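Structures given as structure tokens follow.
The two complexes that follow have subunit A in common; it is paired with subunit B in the first and with subunit C in the second.
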Partner chain A sequence: MAHKEQVLIRLEGITKEFNGTIAVQDLNLEIREGEFLCFLGPSGCGKTTTLRMIAGLERPTRGEIYLRDQRITDWPPQRRNIGFMFQNYALFQHMSVYDNLAFGLRVRRVPPTEIERRVRAVAQALELEPVLNLRASRLDLSTMQRVALARILVIEPQVLLLDEPLNNFRPGLRELMRAELKRWQYQFGRTMVYVTHDQEEALTLGDRVVVMNAGRVEQVGTPDEVYWRPATLFVAGFIGRPPMNLIPVEYRISEGHAFLISPDFEMRVDERRALIEASSFLPRLILGIRPEQLLIPDLHASSHEGLVRIPAKVDLVRPLGRKLILDLKTRSGLLIQMVTPSTRRFAVGDDLEIAFHPHQALLFDPHTGQGLY
Partner chain B sequence: MPKRAWTSVLARWGIVLLVSLITLTPVVWVLSLSFKPPQEWLAYPPTLIPRQPTLENYLVLFWPGNPVGVVSEMVRTAEPVTRAFINSLIIVPISTALSIVIGFLAAYGISRFGAGGNFLPFSVLTTRMFPPIAFAVPLLVYYRSLGLIDTHLGLILMYTTFTLAFSLWMIKGFIDGIPRHIEEAAILDGASRWRVMFTITLPLIRGGLAAAALFVFIMNWTEFLFALIFTSRFAVTLPVQVSRYAGAVGRYYGPQAALGIIASIPVLIAGYLIQRYLVRAFTFGLVK
Partner chain C sequence: MRFPIQWKLKWAEERWMGQLLILPMQLLIWFVLIIPMLIVIYLSLVSWQPIMGVDWWQAPFAGLSNYVQAVQDPRFLTAMGRTIGLVLVAVSLEFLLGLALALFFHQQEFPGKRIFASILLYPMMLPWVVVGLCFYLLFLDKGPVNYILISLFGPSASVQWYQNPILALMTIALADIWQWTPFMFLVIYSGLGALPPEPVEAAMTLGANRWEIFRYIVFPMLKPVILIALIIRTLEAFKIFDLVYIMTGGGPGTSTESLSLYLYRTGFIYGQLSYAAAMALLVLILVALVARLAVRPLEREL
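Moving on to the complex of A and B:
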């Protein structure tokens, strides 16, 4: 992946409207050569529409699409040489697996011996040789998926677009197929753009993740970036399970120091003053802290200096094997979730003091939703 | 338990028997009638098995007046049935094929591109909304001035037009049932729209097309009113020919029955050939 940083596809100011409703709004994005890019978002956020515009199945209302600096906005799908894997695989049910794979090559008038060679090669790579003569309608799901992928690979596309290809699988198999997909990407080294509403899938598969909501891109970043430094409140709340705790706080200056005040705790934020004061909705702010960043101080004897402490009561205990999820109620009635190792026993109604490191807390402007970094 | 099973089996067979009796009795009756001599046509009490079976009813269709017999005396003036048979075999398959081809192309455009807007598929149905006789007079005027009366072309055009509503709506239903993604996959593979239509969509709805074709074929094969009005000599079809076996004293039921039996043979053959596609047409919904 030497040329990984080269831009393969560039979307510039893409907007798509369907009968007056906006599906995608002003989308700017660069897809790099050889990367695995995941679109993540709730259903109806515009991710599939974006994929279809890249493929040429939809035409953007505004904006331009470039493929290696060539403007392809008006190109028909046939001309783009892009592979698209549909949610239901869209195999040609009335043809054999072999004919499914050969279809694109025949259409392109590839010589028959060459077709035979390429179909066999892809079939071998994806272990489809035993089913080549079966009708596509008689395959099981995971074989269908491999056929769908093989059908795309055989035309040697510039980029593979995958639209929620694992949706039809039951959970156990789903993880297996996910691992398989990742392996294929290493094996074939192709640029893949992958749409999913499953955050775990996006975080495990993607080199980069595009988080979308309501037709807009909320954040583009590596899985680590979107998880640990969510750009917006939406990303913070959408990614992670249980979700990030989002606590309303108030900004106040007292005796020359900057504080964030909540009914349950106070936190000094002198070093982030400049950032905070640039936000639009002061004194109100939202503080974000991941459930696994919360700790119980008396379990961690060392480095209690500077911790922000919150007294709370156990409201619900949900064991998850090695760890457990605690739902806690603060004195002011705020619900906080934390994940903690299940080495200690908790009972509903226990009084507990939880804490977090102030530098781990994220701050968001409640009005614009932007993170303050 | 065994007793209950026994009664339910009996009830089931009873119903099957009753339904078959109702639907098959006329067929059996016509078959029996076609082998009866004139004195048995309206005999009371009626007989199921002819007492004096005869082939005269059949022979007279092809050689009226030639073999000497009672029936031949009666229908001496009728044309041999051969012409009507050939006419039907020309007019019906051609108009059926045209109706299906045009119906498929139109249905594809409507289903995939919304061709003609919301009103077109509905407006096609208007040809079936009035009693056909309402069209007869204006069409007669047109046909006369165009010289289409009593021609094959005239009936072919008419049958194609009047069955188009059916083929269009049936085929549109089948095309709507094909996921768009399958066509899009073929387009991304580089195929043109025409190629997609004929190598992807068409084979996938083959069963539906067969069902529509059989349906339209039967409608055209049995059409009587227009054929009666718009033909007189050269382009007479089988249903019209059936009506010709009547005289001053009454209808000649024997030859009519015999012609009915002969006329049903092509439909039976068509139905048999198409049968395996029909099954697929009705199980097609399983494809996701």
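Moving on to the complex of A and C:
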């Protein structure tokens, strides 16, 4: 992917309203040549609407869309040469698979011999040759998906937009098709924009992930960034299973030192004072720590200088094969979840001391929801 | 609580019970459908007129002579040809107009759309007789149509609509089109509304223009609905009676007589019930064949 940094599609201040309801608000985004970009968010967050605007199926109420620096906001979908794969695949049920694949070329007035050649080539790549003469309505789901993809690939689009294409699959098959999709992207090397509400899908497939909520972009970043450095409280709570622990704390200065104080623990944060004091809602803050970043100090013999310790009681044990999820109650009644290897046995009611490295903890402003670092 | 009687039936009793339960419906079907049908078949095979002074079940057997007479009867055959022509012209125009209206209403947004759509449906709700009378009055020698023609093109532009068989048939077809285009509109419009939007959108992103989308995507998807509308309308139009009876009475002479009108006259004016029965059965066979052919592509579709 030599030209990965080249911007293919640019969205500038896109807003979409439907009868006064705002579906997408002031969205700015660059889609790079050759990347696999995932839109992730709960249903109704505006991700599909954004995709439809890129394809030209919806017109933005405000804002501009550029394709290779050319303004295409007013272009009809026919002119854009952008492939769109629908959630239900939208195959032409009354046609044969061959006619489905040839459709885009026929309406482009490509000569018949050329159509034949290109359809055969794509059909071969996606192993559709045995079904070329079948009616599209006679296919099973995974074949339908390949037909839908082939129908788009044959017109050699600038970019492929996929709207939750794996939604109709049962869980086992879903993982399989996910791997298949990723392979196709390597094989065909095309820019793909992929919409999903399944975080696992987004994190495994995407080169970059756009997390959306309520019509706004919460964060754009690599799967690692989105997972380990969530930019907002929403991202922190949305991504990860179990989600990040979000603990209310208070910021206080005493004897010249800066502290974060909760009824269960306190933590010195001298080196982050400047960042924290930029927050608008002091002294209240939210501390975020991933369940797998919590540890049980007495299991590790080495020194634990600087660990923040929290005494707690086991409330629920959920084994999950090689690891297990512990629900813990602190003295103040706070619920904390942690993920730990299942090498040790726990019983409900056990007293336990858990701890985390202070530099792994994230801080959020509870008022704006923004991360402080 | 225990039931005082055991409600369990033996196999034989169960059979009887079942028969008993469907008996009312059986009786209804026998008396409404099968017995009249058998009587018509019987009548077509005998030679019977009410004025013969013989009860109908004692009429002399005539074999297939009624049928032979029918296929040699020029009045019957021309009425048949005329009716088929009328059906073809009226139904195809109704279909084209209905389709155009439905597409227009489906694609365009304009104020008062819902009101216009319901106004469009009114002709369908009027009784045949009323529609027939309205159009009869419109095309009278001193009626509104001639009045407009005269005021536009002078006194020589007046047309005697009911004197010319072709023009008279045209007025009948026009009345039928006016009354039944809304039906086509209604069926096709709701069919359009029920189509999934994705295939159309997919065709758009693949580069198809409006005509190609209609021709290759919308029309094929709409085909079952269109076929059903055409079948219903054709069967219905084949029985056209009221409009002809009121507007031209089959005249001038018998030159606008439809099949139903000729059958009615044969049976009830000329009193030849056996002959009318034979002709009616011939028509039934023909219509059933046409309907069968029309339904076949639909079955393939489903």
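Here, the second predicted complex is superposed on the first by the 372 of 373 C-alpha atoms of A that agree within 3 Å, B and C clash if a C-alpha of one lies under 4 Å from a C-alpha of the other, contacts with A are read in each partner's own complex, and residues count from 1 in each chain.
Just so it is clear, a contact is a pair of C-beta atoms (placed from the backbone, for glycine too) under 8 Å apart; a residue touches a chain by one contact, two chains touch by 3 or more.
This one's a predicted model, so the numbers in the text were calculated from it and none came from an experiment.
Superimposing the complexes on subunit A yields a three-chain arrangement in which subunit B and subunit C clash.
Judged by the touch definition given at the top, the superposed model places A:6 against neither subunit B nor subunit C.
Applying the stated contact rule after C-alpha superposition, one finds that A:92 touches each of subunit B and subunit C. Once the two complexes are overlaid on the shared chain, A:137 sits against subunit B while remaining clear of subunit C. In the superposition on chain A, A:187 makes contact with neither subunit B nor subunit C. In the superposed pair of complexes, A:108 makes contact with subunit B and with subunit C alike.
Contacts of A:82 after superposition: both subunit B and subunit C are touched. Shared interface residues of subunit A (contacting subunit B in one complex, subunit C in the other): 55-57, 76-78, 82-84, 86, 88, 90-94, 103-104, 107-108, 151, 155.
Taken in their complex, subunit C has these residues touching subunit A: 196, 198-199, 201-209, 212, 216-217, 220-221, 223. Within the complex, the subunit A residues that touch subunit B are 55-57, 76-78, 82-84, 86-88, 90-94, 103-104, 107-108, 137, 151, 155.
Residues 55-57, 76-78, 80-84, 86, 88, 90-95, 103-104, 107-108, 151-152, 155 of subunit A are the ones that touch subunit C when the two sit in their complex.
The touching residues of subunit B, counted against subunit A in their complex, run 179, 181-182, 184-192, 195, 200, 203-204, 206, 287-288.
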